[in-house]
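Alright, structures below, take your time with them.
The following pair of complexes shares a single chain, chain A, combined with chain B in the former and chain C in the latter.
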Partner chain A sequence: MISLPHYLAVGAILFALGLIGFLSRRNLIVMFLSAEMMLQGVALNFVAFSRYHGNLHGQVFTLFVIAVAACEAGIALALFLRLYHRKRSLDVSLWQDLREPGMEPTVDTEPLPSVPKEEPLPHLPPAGVEPVREERHYV
Partner chain B sequence: MTLLADSPDPLNWTVLLPVLAGGLAVWYLLPSPQKRPPVFGILAGLVALGGVAAFLVRGLGQRIPETVEAGLFFGFSGLAVVFAVLMIINRNPARSALAFAMVVLSTCGLFLLLAAPFLTAATIVIYAGAIIVTFLFVIMLSQQEGPSNANLRAREPALSVAAGFVLLATFLVGLQRVYDRRTVDAAIEHASSLARADRIPEEYLSPAESINVDNMGNHPPPALTPKAAEFAAEMRAALRQVKLGVPRVGDGRRFGDHPIVQDVETAINFLEISGFRYRDAEDVRTYCQTVADGLQRLKHLRQGSAISDDLTLSEHGMVRPVERPDGPRQLPAANVSAIGRTLFADHLLAVELAGTLLLVATIGAIAIAGRRERAP
Partner chain C sequence: MSDPSALLLLIPLLPLVAAVVAGVFGTVQRLRPWAHAPVVVAAGLSCIAAIGTVSMIETGISRQEGGDSVQSAPGPVTFPKLKSEEDRIVWFGISYGQTKLTADLSLTADHLTGIMLLVITFVGLWIVVFSIGYMRDSPGYPRYFAIVSLFLAAMTLLVLADNFLLMYAGWEGVGLCSYLLVGYWHHKQSASDAARKAFLVTRLGDVGLILGIFVLWMMVGRDGFGYARIFDLAPQLAEAYPTLFPTACLLILCGAVGKSAQIPLFVWLPDAMEGPTPVSALIHAATMVTAGVYLLARCTALFALAPGVQLTVASIGVSTALVAAFIALTQHDLKRVLAYSTVSQLGFMFLAVGCAGPVLPAVAVTAAIFHLFTHAFFKAVLFLSAGSVMHSMHDVIDMRQFSGLRRVLPVTHLTFLAGALALAGVPVFSGFWSKDSILEAALEAGRSARFGFAYTILFGVALATALMTAFYTFRAYYRTFWGPVSMPHGAHPHEPWVMTLPLIVFGIGAVVAGIIAEPFTHWFSNFLTRSPVIVQASGGHTVEHHLNWALMLGSTAVALAGVGLAWYLYQSRPGSAEDVAAAAPRLYYLSLNRLYVDEIYNILFVQPLTLLAGICRLIEAVVFDLVRLVATVPRYLADVIRPLQNGLVQFYALSMIMGVAAFIGYLVLFAR
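Up next, the complex of A and B:
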């Protein structure tokens, strides 16, 4: 049977990947998803320990983790909407004037690749002629 | 280098290979304004996945039987890791959210393997249902046209990948150091084979002329044969590894090693001083048996399958020994009712707190999101 360290290793991998995502991505939503993924790694550890020790405290702890994550998601998404209304973008670097005093601001030097603009969908002219409806009078 | 010195593989390639390849793959695939062909990143990622699988199969020192459970475990964890990577490298946040839903579903499969059916259902409903749908709504409400800094650039990709993967390597090395007991098993086997032998093999015995009594009547320690020196080093390495698990005993002011640890050390020292040449070969066998028995007992203590009767004292006060079975104990079959009993018998205050937290969060979310922007 698969024993405890294997699950711990998988949890550690999920946690580290979430950490990388949180540190390196600039979209607020993706950063938050990465934080949730770190929570998933921790939850996996808790459930594995619960199985290993043969009691349910680990599973109960995971339930609380899920409850706190749901609160977090509600508040964070409301905040993201407010931030988006202010700057019309979800880029976290737009808020870098909140940084510590004495730090240099990050400046993006490389230009973004230009995406070719999509051609507008063709508008078809109305085809055919609308048949004239004859009004018949039956006497 | 003491961390790596005792492991059978001195540079720890079982950990280093997947970590290096995975770091390279994630760094390469993270969004960047330069166009890079994704082939190299995918190749490095496949190498890393293979390395992780090899680490799980071999590196933890436990055999994995070929059962359906092992197949399901590798399937679910492989899916979870692959979709986790896809989530952090995707340029489209909606696709990231869907990849995260897949990560959650795969983790739920692992939960099911760990005998947590209620948690599986709850996680699917809350995470993959409610939270992901909310995310998709927010993504829809904050749509942007064209290329954007938020999605096409990464912030310090090399540094963050280095931070994450150094942390991961630390975790994996730690797991390997704790759970890989192959060094100890080999040492126990070696010592008990010597203890069972009819004659101690010639290559362990120090040459007779090196054992002499000087005119003061002292025995200078004889020159050990390479085989004997290797034996002593192997036993000491195994002892260092297992003695971490036993309590240090003392009277509250001074602390010393556990009696079993002291016995094993003394036996190794006697064998070394005598160069395996006692007048009676029975003595050598007895000492080897002491070493083997002591290591075996320490290993059981460390695994938790044997309980140390001694009062555990440490520099930080008295500690109760942790009782653990060798393998997993049984969980109750009626998962939901057992969780309910634990929840409302042992964790009632926490339930109330969680409920209050949810209420406050609801009010907060409404207050934050519902406020109208004043005209600038």
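Up next, the complex of A and C:
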């Protein structure tokens, strides 16, 4: 029989995983996903308590959380797009301009491991035409 | 120009304009070598205007008024001509309640001013000409001429002013120019030090002068700056203010002492020789330093009524003359010898004006101004000759490094000889007559009832000083121009005509200025004693001319003895001077080290002031920096926690999580 503590445990695990992800990853999108995971952990608690108490209060909150998370995703992804356009990178540590004036920026002593570039996929040229190798940039 | 008296305005104005023009020339590279041109022209025109002024004083002015030619009586010329109150040109005015303080821009040339103007513009003109040659290769050529021209403007303003405040403006103006010219080679530390010393020491006297002017104003009240009003009221003032009146005289004396380098403020003048030599001749020998004598002569009407102050004046003069002559005996620097002789001769002039009162002021002032007049010539020629020597000897002026120059600098030798004979007081030469008239005034003052004994002592000391004067003058002469020819390395003896011409002019002046002007013709005294200030001070008595043959013989003997002694020690038996020095080593070193006056002043005044400044610095550092300490503490506290705000999103998130964790941990563990 799956009882309330099991649900709560899964919710806590989700929350903890999200928290660790949020604190340890530097990619903006992954951080955002981690934050979403924390939200889902909380939402799971709501649903579990709703079931345990036998009313719909928790489910209302859950729906509310999901709606807010959707809006948040829209805004956050739009912001990330703009940030990416600025610096061509999703590294969150590039954005530390709001520190105390006169403080040295925090620089990572261990640089990120370089991601191997993907080989661009060849295009299929029209018949009888010499194939042209297209220059494409991937991050 | 319809009003001939406007000529007075031109005398200071032309050099002032020339100063500006010379300054403008300095900004254009191609015109820089011609910067002397406007100054020479202005000085020349000024000189002509001064001669015109003197002739106006002598003959009166004829001017056109409404078609009629009006001839006014001979006498002082004023500008502007006052017909009503509206004609006054007010320089500035302050009114406070009923009290009004106005300073007029008005010029007067009386006989005393006329003589001063002639001296200043004539000497100024020829020294400017000399400078063309002397300053030829000097950097800052236009600056030099601009300042000299400014000096001429200020000096003529000083003597032309007809009130104390305008005179004081000129007084400060010449002080400023002196400062600028002494420090002309400002990259030399010694020159800039000397300039500062000259400025500060004379300033000490100037403070006294301005205080004296205001004490006079306090006593006289409305319009209390004009010479005429103050001198008119002088007898009443002396009666009404028995202590304040001599105080005012003493304060004015203080200014004169500073400017004319008398004890105790004489230390700046020898150091002022750091300036270019023509400047030494013009400012520090012929004109500016005599401003103090002029001031005392101008104020004779006041000083004659304060006999105690007059004795002070005479004593200061004689003691300065003696001390300076004593120091001059052993100096090795030719210009320094001349500087001390200037101080000494100014002391003689002070002695003469100090005799006014016990003797008829007309006699005393004539003697002083006459000596001023001849001194301007013979000291100018001595300085310019020294300048010529220095120019040829590659800026070396130490007498130990050259000798026998009469063969290489023949013109300079002759002109220096003329000046030296005049300074030594050898008969027929100009200095003899004027020094003699001073000694005569002192001797006569010795016969007065009050202070007679004191004046007799002063006369004796002055006579002894005359002996020393003759000796040190000819010591310098023999050491420079006689003996085997030797010159320092780099010397290139030459005498360009722009330098020899002024030398010859002044040399002739040094020879004949005395004998033409006074002893037989009495032109000088007849002219000068018609000056209203002197007539007033003398109470209408006129001078009885007589020649005191006994005194003349005595001073001739003294002068020849001095010259002979110098000849014996430095020419007849070279080397015997060292024996004399070795016989009295203490006296010798006392003289060589200038009586240690600078050292004593350093201990008495400079060191305590430095100490005071140090204490003030300390107070500033300790007391006032406490405030800064209070401001610093929060700043350092803030610096501890500032790094928390590092702008990293994840760091903020982490601190938030840790805060929440701590809070929950507290709830779980301790909350009941």
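One rule holds for everything that comes next: the second predicted complex is superposed on the first by the 105 of 139 C-alpha atoms of A that agree within 3 Å, B and C clash if a C-alpha of one lies under 4 Å from a C-alpha of the other, contacts with A are read in each partner's own complex, and residues count from 1 in each chain.
The definition used in the following text is that a residue touches a chain if its C-beta (ideal position, glycine included) is under 8 Å from a C-beta of that chain, and two chains touch if they have at least 3 such contacts.
Quantities reported herein were computed from a predicted structural model and do not represent experimental measurements.
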{"item": "Partners on chain A (chain B, chain C) - clash or fit", "value": "fit"}
{"item": "Which superposed partner A:H85 touches (first chain B, second chain C, both, neither)", "value": "first"}
{"item": "Partner chain(s) touched by A:T106 [first = chain B, second = chain C, both, neither]", "value": "both"}
{"item": "Per-residue contact with chain A, leading partner among chain C and chain B", "value": "B"}
{"item": "Partner chain in contact with A:S93 - chain B first, chain C second, else both or neither", "value": "both"}
{"item": "Which of chain B and chain C A:L19 touches, first, second, both or neither", "value": "both"}
{"item": "Lowest inter-chain C-alpha distance for chain C and chain B in the superposed arrangement, angstrom", "value": "6"}
{"item": "Footprint overlap on chain A, where chain B in one structure and chain C in the other make contact", "value": "19, 23, 26, 92-93, 106"}
{"item": "Residue ranges of chain C in contact with chain A within the complex", "value": "642-643, 645-650, 653-654, 657"}
{"item": "Parts of chain A lying in touch with chain C, wherever the complex brings them together", "value": "19, 22-23, 26, 31, 92-93, 95-100, 103, 105-106"}
{"item": "Interface residues, chain A side, partner chain B - complex", "value": "1-10, 12-21, 23-30, 32-34, 36-37, 40, 43-44, 47-48, 50-57, 59-60, 62-64, 66-75, 77-82, 84-85, 88-93, 106, 108, 110-115"}
{"item": "Residue numbers on chain B that touch chain A, as the complex places them", "value": "26, 30-31, 33-35, 52, 55-56, 60, 62, 64-65, 67, 69-70, 73, 77, 80-81, 84-85, 87-88, 90, 93, 96-97, 100, 103-104, 107, 110-111, 113-116, 118-119, 122-123, 126-127, 130-131, 134-135, 138-139, 141-142, 144, 146-157, 159-161, 163-165, 167-168, 171-172, 175, 178-179, 324-325, 327-332, 338-339, 342-343, 346-347, 350, 354, 357-358, 360-362, 364-366, 368-369, 371, 373"}
